[in-house]
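In what follows, a structure is listed as structure tokens, so that the remarks can point back to it.
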């Protein structure tokens, strides 16, 4: 079976596992105070060119989203997101469970539009009854988006500009950040992205780790008591080293970028194969998730040999489906899939 | 440095790591729907002699506590715990953050007393104003307790009897369950424990895994929507296999019990060494945590060569300190420590 | 100044005040256990033709909404509402503060459509990832809606039918229920409405009381512990009699209906005046709130002599404005306003 | 029947009712923006000698407690209270429902001790694991306490001193504040009390109003968005005038003090009667609640003619009972009760 279900269907990149094995018997304190967590944080600060950044390691994406958002919002504030945003759709109401509304704005290929955000803010403050409404207190986006699309540097700068003028932190969900930054269509570097937001996370789970996301706060943004809040939400691992060692491995000798580039390259080959075979694209993604449209017959045939995701049934009876690549995708898998088309 | 700081200061037992390596490249679905999670659940049901139990894997102890407790309590209910209970002291207000009070009853060497629980319940319902008070809705204990002590089978049966009469689920935090069940002082088996509560967890993080706790619900206890609740609290790993593989390894060929017995045996040797050298015990623990009393001078001397925990300063200037053993404790470490005393 | 700002800009109907004065010195227990609260509940059960209904008095609309919704939803469930629904827009994120998402469906003149609700439910359960999404757990509507419009009996029956098939309680916000049921366009009685939902409230604050809403649960719907939940949310008045006495007065000799009919009659006169003068209607409301469109010039002129609400600025420079009537609206006020047009 | 059940068993003081009647037909905006709410706030600022204080009116005591506490605490903080404090015992877990722990310290006749508070704080910060514990973020006391006792000015100053050094706001629950400040044993004025805390409320419900508590924030303490938070918790009345008019009446011509003095005077007569008849006092209260000890026989006899509260059954078979006076207590009621003893 060819496996394109997602980028979290295997264990971790062999070099990550190797590093876990090498460090396994070394005694170190728990709760993230180990040497690898410190070393990894240092490497991340360097990679972000932000030497005073505060770095924390959490286990997963939903956890990172809910811990960061509920730490930054005041009691009466809500988070603004694209209507297709992960926090608005696929996190089981996690943000609301912490007491905050998600204000959903229209998504354009998964992206928020800066002008629409500004219009929303202007309308909010112009409304005489706005004290009776949850205040838009921060903005959440993801890079790449749910549809694998990317904010350009100009788009991100425009959004961040609105956020700063409106005094709202901008938070970037980077569960698949590596695949965004190594995309041929990406026009920004990690330090450039870091400079265009207040807090973001660098995803590990979907980019070669067993688990783990690295939250990076611009200096001065991280609220007092953040460590206690992670404990309060069950997000602090006793063996914090599990996260530290993995991120240390990922950010040694460029492994994170190597993994990301590999997956994107295979995704581009996969996309080319579909296009060549006349399958229309459902979304124009330059990253490791590819969305194509299949007829019911094509879908049925492919399902016999390949594992992939049905994204949405279309009104005309066809299906939008998703194929995802990762470090574990072998070039020959793409060849094999291509042969099936 | 001799390391007795805790049972989460190394990676995982080598056999667990081996199993992670063996399975690393196998493609499997995420979110706990992999073959190892299923196999591990099956092995746990067998080990508990409870073939219809529902088993879920979560990342850590605080997470397991807050997810289970907030899933079982109704809106207006509180959880009863010993005043020294982990949820009442060291979880950063995690239970309260989910909206529920912790009702603290007196602790007797870390344990709740069944008669006191019954008296509390009787007084609660006798109070004419009890509709203005949070209802005691479930009971939380840990086995072993924070002080390494154990409930006897009779004590647990008495507690569970009160719980059933009062229609309150009984939940056992088993973060160190292995060390309890393999203690020479323990008079119950895992199936016996499973039969004397409604839900409990078998700790992995502190018993040889990198992370992971296995929550076991007696049939009929697990609330509808529990999986969604784990997602809602950021407690669902995309690579659920990380937990499944580790528990599969721990419950293959008795590894969990082997790890536990080893740590308890070393703890008993450590205890004997302290007693022999005339250091008084702070608590009478038959499990892998040993609490002894040191003078300031003894403490200062030992700290040069060994890592351990200061539990509490005592009024007379001495210190209660904690030494913990694990799978990673080598017999020669105990010898070396003994030589230092 | 002619006052059409809202239906809560005066005190209470004189007969309500009279009843407060008459009963003022009578000693009665607190917390709603007084004779008037009991009598009022009995009168409401009779008015609803639901002799086993459970009735509770709360202080205000947002309070009633958040207490009822958070009492009925399970931990992982969300409430479905029209996107224009009060809970989704003007309650400061009150529902989310209790931990639950508001799922907003399209509004048709303020109303939910039964077919769209069913389509939403079907799509939800058909989605393979729905366990990662908040479950639609109940439905919230208001009668009349935010725009003063009414559900017909057939529309309500269709909605309730979907709710019952999908096992979701239907909750009707009746903050202005009197104005709905006495509208010339209304085709249902109070007992008929009561029979087409699981819980609703009969608004007092906006229909002649100083404060107070009467929540009516169909038998078997009210969750165990509801009284404790009202206390837990600060919604229980020590002098519960304040609410009981007022509802007792409102439901004696048909005062509630008299107040409602009066306000609707004046609203119909007001509407006729605007229509006659050529002012277009912004919404077609048959109840006590009238929405008309004014030019900037008309608005500026009227504002000198009358108090009303700007509902929304329109793209063409005109304004949607709202005029509201109540028991306190004098027929001569309408005449005077008419003369101003 | 002689009625001593509580101070909320009648309506409101006749002068309050009169003022409600006088203002009933005046049209004014809702949500506390009416002229009386403004006038009352001004009168309260004057009474507190704090011209820049921020004043808000809420409906009841539990509501005031939960709204203020959850507005002032950060996410990871808890409120410190006496173990007998109302928020710890009789508010149905309201504080915890907003996500925060109540840290209970020993009560001395219902009061917190400054030295014990400081010792708690010192121990907290000395604990190496304190980042894993909820941070003590504010202190809650009541004046008078649950037992009717009073903090002296020196005691209050000592507590506030600890609070300021530890950077924790001090909040005083003044549900019965009038009865405290007019007690013959009270050594502080309202301005003095206001100067020895950060926020407090002046109770109306139990001191002559139908409902209402006036929250007074020292300048700079009230968090941004507080009005929105009151809406978010269902604590904002549409007819905010109901609270404004009542407090305006209570603080006109010293009515609040007159009511309070009357009740305390009657309580002192009642106390003298019990003492004279040889009934021991259960608590030494100089305010409007009197706690005495009755034998079962005395209790049974009195219950035939008088309504009062059983506070607690005593181990020796006797009962601690509570008698409460208010504006509605007639001097002849005390005479009658005395005759019964």
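Here are some notes:
Going in written order, the chains are labelled A, B, C and D, and every chain counts its residues from 1.
The definition used in the following text is that a contact is a pair of C-beta atoms (placed from the backbone, for glycine too) under 8 Å apart; a residue touches a chain by one contact, two chains touch by 3 or more.
As the structure is a prediction and not an experimental result, all values here were calculated from the model.
Chains that touch both chain A and chain B are the following: C, D. Centroid distances from chain D, each centroid being the mean of CA atoms, peak for A.
If each chain is reduced to the centroid of its CA atoms, chain A and chain C end up 42 Å from each other.
Chain centres here are Cα means. That of chain C falls 33 Å from that of chain D.
Centre-to-centre separation of chain A and chain D, using mean CA positions: 50 Å. Residue positions of chain A with contacts to 2 or more other chains are 75-76, 91-93, 97, 99, 131-134, 228-229, 231-232.
If you check the complex, the residues on chain C that touch chain B are 70-71, 74-77, 99, 131-135, 223-225, 227-229, 231-232. Residues of chain A that touch chain C in their complex: 75-76, 78, 89-93, 96-102, 128-129, 131-134, 310.
Within the complex formed with chain D, the chain C residues making contact are 1, 3, 5-6, 8-12, 14, 17, 20-21, 23-30, 59-67, 91-94, 97, 205-206, 210-211, 228-229, 231-239, 241-242, 307, 328.
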